[in-house]
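Listed below are the structures to be examined.
There are two complexes below, and they share chain A, which is joined by chain B in the first and by chain C in the second.
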Partner chain A sequence: MSPIQIGQLLHSSIQSFTFGCAIPKPEMPHFGAFVKVPIQNGTAHAIGTIYNIVLEDDDLVRQIVGNQDTPIEIIQDQRQRQMPIEVSVLTLGYMQGTKVRTGLPPQPPLTLSHIALCEHTEIAALTSDFNFLRLIFQASDAPTDELTVRVLEQAAQAHPNRAQYLRTAGQYLAQLMGNDFQRLDTILRRLESLL
Partner chain B sequence: MSDLDDFLPRDEDNRPIGLENDTASEEARVRLGVVVGGSLSKGITVKLDSSSAVGQTIEDMAVGRYVVAQGLTKRKFFSIVTDIILDNTNPAIEQTPPDPSSPFLADIYRATVAYGRANISPMLMLEEDAKEPRPNKTIPAHFSPVFKATEEDVNQVFGEEDDDHFYIGSPLDMDGVKVNLDLDRFVERSSGVFGKSGTGKSFITRTLLAAVIAKQKASCLIFDMHSDYGWEITNERGKTWKGLTQILASNRPSLYTLDAETSRARNNTISGEFQIQYSDIEPADVEMLSSMLNLSDVQTGALYYLRRKLGKDWVAKLLDEKGSDEIDTIIDEGMLVKGTLSAIQRKFELFRRMDFLVEKSSNNVVTEIFDKLTNGTSVVLEFGKHGDNLPAYMLVANYLTRRVHQRYVEAKNKATTQKGAQPKPLMIVIEEAHKFLDPEIAKHTIFGTIARELRKYNVTLLVVDQRPSGIDDEVMSQIGTRVTALLDNEADIRAVFSGVSGASSLREVLARLDTQQQALILGHAVPMPVVIKTRDYDETLYRAVGYLNEDDQQTAYESAKSDFDEGYL
Partner chain C sequence: MSINIQAITHQIQDAGNAIADRITQHSKLIPAALIQLNAASAMQDLHAKAEIAAASREWSGAKPTGENVAATFPCPAQTPRATVIAVDGSQIYPDKHSALQYYLLNIGAFIIQIGSGEAPTVVRNTVLAASNEDVLVDGRMVTVPLVNLRRTVAEMEGLTELSLDTGTASPHPVVSLIDGPIALRTQGEGISARETGYLYNRHLKAMDRLADCDCALAGYVDQPGGSPVLNLLWLSSFEIDALDVAIEAKEPPFGGVSDRAVFQKHLGPGERSAIFQTTSGWNEPYRKRTLQERANQTHSIHIFYLNVSLVAETPVVVRVEIPEWIATNPEQIALLHATLVSQSQYTAGVHYPYALARADGEAVIQTQDRTVVENMLTRELLKKNIVPHKSAKLKLKGSTRPKRRKKRR
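== the complex of A and B ==
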C-alpha cells in the first residue's frame, strides 16, 4: 500500500518544515500526526510531527466576514478555492531504508517534495525510545506540552502495550521535567486520561 | 556454528563455557541501588532502585541489614544499613502528592521524582584477590551498585564455624546463614551483654557461656543472681530450657549455691554450699556496699580501724548484741564516736539476714573454687533466695572475686618469674554490673581493676547489665566485645558506643532492634558490627556444645559396647 500523500513542501530547515495542502478532511492532517518527507534525493526521509496548522485570510474573506448573514453557497464556494493551508512540522528523526534514527536529519527536504503520513511501523520505530521528546521540549515556537500529549497518544497506538508505553513515557518525562512539577503533573494527568 | 565458537565454546544450553559462575553469582545477588554520595566518616548514600513491586525495595530495607557495595575496582565494601530515607527531586510533590486512587501517577512518581535513599556505613573491604577483609580506608566510587549480602559474603567476613568460631546467630532476614563469634578474641578482653529488661540478655549470655566453656576457651566464674545459668529455667507458660550444668557434658561446670534448700527443691545437682565465715570478711569486702548500706566516708574509714582493733572476728564482735570490752575500750579511748560505731552496728544488722554468713564453716570453698577454675572447670554460684538481695549478691561477688583474682595474680606472677604454666584464662560473669562499676566506686573495686588491667593476669569480665550508662566510662571503654539487645534510653545507647569509632551511625540500628532475639554485636570478637537474630537456645544448641540426650547416650553406649566386644577397646 502506497503512503497517503497529504501535501507538498513550501519551505524547510533542518529543524522544521512547512507544507501546504488543500482544505483539510476531518481525519487529516491533524495536530500531532507523524509525517514524512523525502530528503537527499529520496534516499532517506525526514520524519516529524505536525505542530501547527495555519489558514491564512485574504481580502475576499475579509469582505465576506463583514457581511453578517453569509449565504451557505458563498461559504461552500470559499472552501473550494485553491487557498493552501500551511502545516508546520517539527522534525524528530529520519529514516534511511528501514533504519529509523531520532534526531535532526543531515539535510532539509526540498520544496515541493510530497508529504506523506507515516506507517504504524515507522512511528513505532521512531518512538521506541523517548529521546524524541527532548526535541519537542527544545522547540521554541511549538505548544510543547499539548504536542507532547498528542504525540504520545499517537505513538502509544503504534505499540502493542498501550498502557505500559504511556507509563514508561511518563517516567521519562518525570526525569526530564522533574524541576517543573506543575507542568509535569498536568501532562501526566492528560496521559492518564488516555488510558 | 561460527568460527567464534572455536574460541568461545558453548555448553548444551548454548551458554558460554567458563562464565557459569559469574552469571550464577550475579543472578544470586539482589541489587538494591547505587552509590550516589557520602563520605568515609559519615557513611555512604545509596539511591534505592525502584522495584517492579510497589515500594518493595524501600519497605524491605531495615536498619542493621547487611549489604555489600561492589566497588568499580572490584573491591567489595561490607556495610551495614544505618538509615532509610524517603526523598524526592522536587519538594513540590510533598505539597501535592498524587491521588492514591490514581495508580498511574503514583507509579510514575514513585519511580522517578519520589525515591528511596539508604545510608550505609562501610565497615570492611575486600580487595579483589584477597581472602581476608580489611578495615575500611576508602569508599566505593559513584554509581557503584549495592547488593543484599549473600551467604558467601557473610562467610567471607565471619569465617566458618570451627573450634575457635561459634555460631551465635544469623544476619537479619538471612536465616540459616551463620555469624560466627571468634571465641579466643571474646575471652581475650572483658566483654559485655547489654539490653533492657526482657530482651533476652540471659539467653544470649547463656549461649555465649556455653560456647566458651564447651570449647574450653576459659574457665567461667558465674555469679548467677537469678538462677538463670546453672540449672534449667521455666517460663510462665511452663516451657523449660536447660542450664549450663545440664547441657555441657564433657566440661560440666560445678554448681555452688548460697541457698542449698532451694537448690535441692529444684533437684539441682550441686557441688557444694557456699558459706562465708564472719572472720574471713575484710573491710574492703564491705566497702563496695557503702552506698547500699548508706555508710558515710567516716563510717567506711572506721571499718578499717575496727578491723585492726578487733581482729579478724571484727564483724562477729560488732554483731554481738552483748557487746564486748574491746568495743567499750574503743569508745573510751575516743578513737571512734559512739554514734559512728552504733550506726555501723545498725547497718551491719543486714548481715544477719544473710544466712550464708556463718560463725564457722567446715570447708574452704574459696580454695576449692580457685582450684576448679585453674583446672579448667567453670563454676556457677547460684544465689537462690538471696537473688533479690542486691547487697548479698554484691558482697559475695566482691568477696569471691577479690580472693580468686589475688590468687590469679600470684599464679601469673609465679608463672612469669619461674617460667611455669600460665593459669587458665578466667572470665568472671556479673549481673547488674552498673552496681559494681559505678563511676564513684569503679576505680576502687576489684571489678574496675579487672576491667582496666585487660588480660594482664588472665582474668576478664563478662558484664551483664540493663543500664550501661551507670557503668564508669573508663571501664566501658575497656569492654572489648559488646553484645547489645534493644536499648531505648539515650544515655544507655551512648554508653554502649563509648570508645567505638564511627558509632554515631549505629545508634539508629540499636534503637530499632526487636524486643526479642535480636542483638547488635560489635568490637573485638567480630570483624565488623553486625545485627543478628540470635540462634535459638534449643536442642540444636545443646548438641553443638556436647549435650547427649537419652537416645544419644544409648547410641554412644552401644557403640562403645560394640567396640569393646570386638576387642577394639
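== the complex of A and C ==
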C-alpha cells in the first residue's frame, strides 16, 4: 500500500522544510508527527517532525470576524477555502532504501514534492537511538520542550516496549540537559505522565 | 518609486483643492436635485416627457416605470431558504510584445444555499485562447475591449449553466448575480459589427435561458457613476413643448452630481429606489428581444438604487441592473432586494455581497498565475524546438525595473 500523501512542499533547506496542505482533519498531520519527503530524485527520503502548523488569514476573514452573527454557511465556507496552511517540519534524518540515518540529509527536497506520514518501522528505525533529540534541541525556532515530549510519545508507540523506551529516553535527556534542571524536570514529569 | 514626488508637490495641493471644491459644489447641488425628485413625482406628464425624449435617440436617461419616482421601499424580510449564485470573471490580456500570443479567461462562481447549514461550493472555468480564430481578428491581434466583451459573455453563459443546474434541482428560489453591469456595452471601441452581433446573440441567448428557469437575475454595480435619474429630473424641469433644450444640452445636469450622491441622501438603511428603465443606446438589443413565453416582455435593462448599509450614518448606495422580466415581478424584486442587503452584512464595516466577494476571489488571476501559464506554454513550444522570443522592449523592461525580493526565514 502506498503511503497517504498529506501535502506538497512549499520551500525547504537542509535543516527544515515547509509544506502546504488542506484544512487539517483529525487523521491529518499534527504537531510532533513524523513525515517523509523524497530527495535526490526519489532515491532517498528526508524524515522530520512537524513543529509548527500555521493557518493564514486574509482581509476577508478579518472582516467576517468583526461581524457578530456569522451564518453557519459562511463559517463552513471559510473553513473549506483554499487558504494556505503551512506545516513546518524539522529534519531529523534521512533514509536510503531501508537504511535510516540520524542527521541532516545531503540535499533538501524539491518544491512540490509530496509529503507522506512515516510508517511505524521507519519511525522505529530513526528513533532506535536518541541522537535525533540533539537536532531538536539545536533548533532555534521550534518549541523544543513541547516537541521533545510529543516526538518521544510518537516514537514510543513504534517500539515494542513503550514504557521502557520512555524511561531510556528520560535517562538520555538527563545526560543531555544535566545543567538545566528546571527544564529537564518539566520534560521528565511530562514523560512520566505518559507511562 | 519612479515618480518625482518633489515635482508634483504643488500639483497635489492643487488637485486636493480641486477635489475638495468639487465635493463642496456637489453637496450644494444635491438638495436641489432632491427637491426636483419630489416635484417630478407629482407630475402627470413625466412619463410623456420621458417617452418624447427617449424617442429622440439623443437623450440618454432613466424612464419611469409604474412606481412613483421618489418612492422608497424598505427592505423585505429575507426568505429563510434561497440559493445565491454569483459569477465574476478576470483575464490575462494579450500582449503584443510577448512571444506567446494568447489570452486567458477565468470565470469564478460561488454558490451558497442560504439557510441550509451546508458548505457553499465554488466553480472555476478557465479558457486559454490561442488559436488563430481566437487571437486574430481581421489579421490583427485581438484587442482589450474585445477580450472584455468575450469575458462578459462567458460570465453570463457560466451563470446560466449554473442557474439551470441549481434551479431545476432546488425547490427554493434562486438568485443569479453578476458583478458589474448586466448588459454588453459596445460603443466606439472599434469592434466589428459581425463580432458584436455574434457576441450579443450569445449573450441574449443565455439571458433567454435564464428567463426560462425563473432565476432572479441581476447585475450589481458597486460605486456606480452616471446620472440617468438626474437626466430625467433635469428633463422634468422643462415644459413638455420645450424639451429640445434639455435633450440637446451638452452640460451634465446638476453640475455633474451622480445619481448615487443623490440617493445616498434619499434612501434610508436597506431601502431601494423606484425602478427605472434605461434608454441608453446599448440597451436597444435588449429592448428588442421579446420573450414569447413571458407575455412579450423583453430583456430591456432596468435599474434601481439600493442602500445596502443598515447604518444610517454610513449609507452605501449601489445600482442594481435587471431585465424587464424581473423588473415587472414584485416577488423577484423583493427576493433580490432582501438577498442583496442580507448578503452585504457579513463583513464588518464593508457592505458588499459576500457571494460576489467570493466569486471575485475565485476568478482573480494573480501575477504568479500568469507566470505559471507562460512557463507551461514556453515548455510546450520548446518541446517542438521553438524558442519563444520576447520583444526587445519587453526584455529591457524586465531587466531595468526594480525587483522585489521575497523575505524568507
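Here is the rule we use: the second predicted complex is superposed on the first by the 195 of 195 C-alpha atoms of A that agree within 3 Å, B and C clash if a C-alpha of one lies under 4 Å from a C-alpha of the other, contacts with A are read in each partner's own complex, and residues count from 1 in each chain.
FYI, a residue touches a chain if its C-beta (ideal position, glycine included) is under 8 Å from a C-beta of that chain, and two chains touch if they have at least 3 such contacts.
Owing to the predicted nature of the structure, the values given are computational and were not obtained by experimental measurement.
J.: Using the superposition on chain A, tell me whether chain B and chain C clash or fit.
T.: Fit - chain B and chain C, as placed by superposing on chain A, sit side by side.
J.: Could you tell me if A:77 is touching chain B, chain C, both of them or neither one (first, second, both, neither)?
T.: A:77 sits against chain C, while chain B stays out of touch.
J.: In the overlaid three-chain picture, which partner chain does A:170 touch, first (chain B) or second (chain C), both, or neither?
T.: first
J.: Of the partners chain B and chain C, which touch A:189 in the superposed model: first, second, both, neither?
T.: In the superposition, A:189 touches chain B alone.
J.: For the superposed arrangement, I'd like the angle with vertex at the C-alpha centre of chain A and ends at chain B and chain C, nearest 10 degrees.
T.: 160
J.: May I ask you to decide whether A:98 touches chain B, chain C, both, or neither, giving the answer as first, second, both or neither?
T.: In the superposition, A:98 touches no partner, neither chain B nor chain C.
J.: Looking at A:181, would you say it contacts chain B, chain C, both, or neither? Reply first, second, both or neither.
T.: first
J.: Of all C-alpha distances between chain B and chain C after superposition, which is the least, in Å?
T.: 36 Å.
J.: So chain A touches chain B in one structure and chain C in the other; where do those two contact lists coincide?
T.: none
J.: Under the stated contact criterion, what part of chain A meets chain B in this complex?
T.: Its residues touching chain B are 166-167, 170-171, 174-175, 178-179, 181-182, 184-185, 188-189, 191-192, 195.
J.: What does chain B use to touch chain A in their complex?
T.: For chain B paired with chain A, touching residues are 89-90, 92-93, 96, 102, 104-105, 107-109, 111-113.
J.: Applying the document's contact rule, which stretches of chain C touch chain A when the two form their complex?
T.: 112-114, 116-120, 345-350, 354, 357-358, 361, 408-409
J.: Could you please specify the touching residues of chain A with respect to chain C in the complex?
T.: Within the complex, chain A contacts chain C at residues 11, 60, 63-67, 70-74, 76-77, 79-80, 141.
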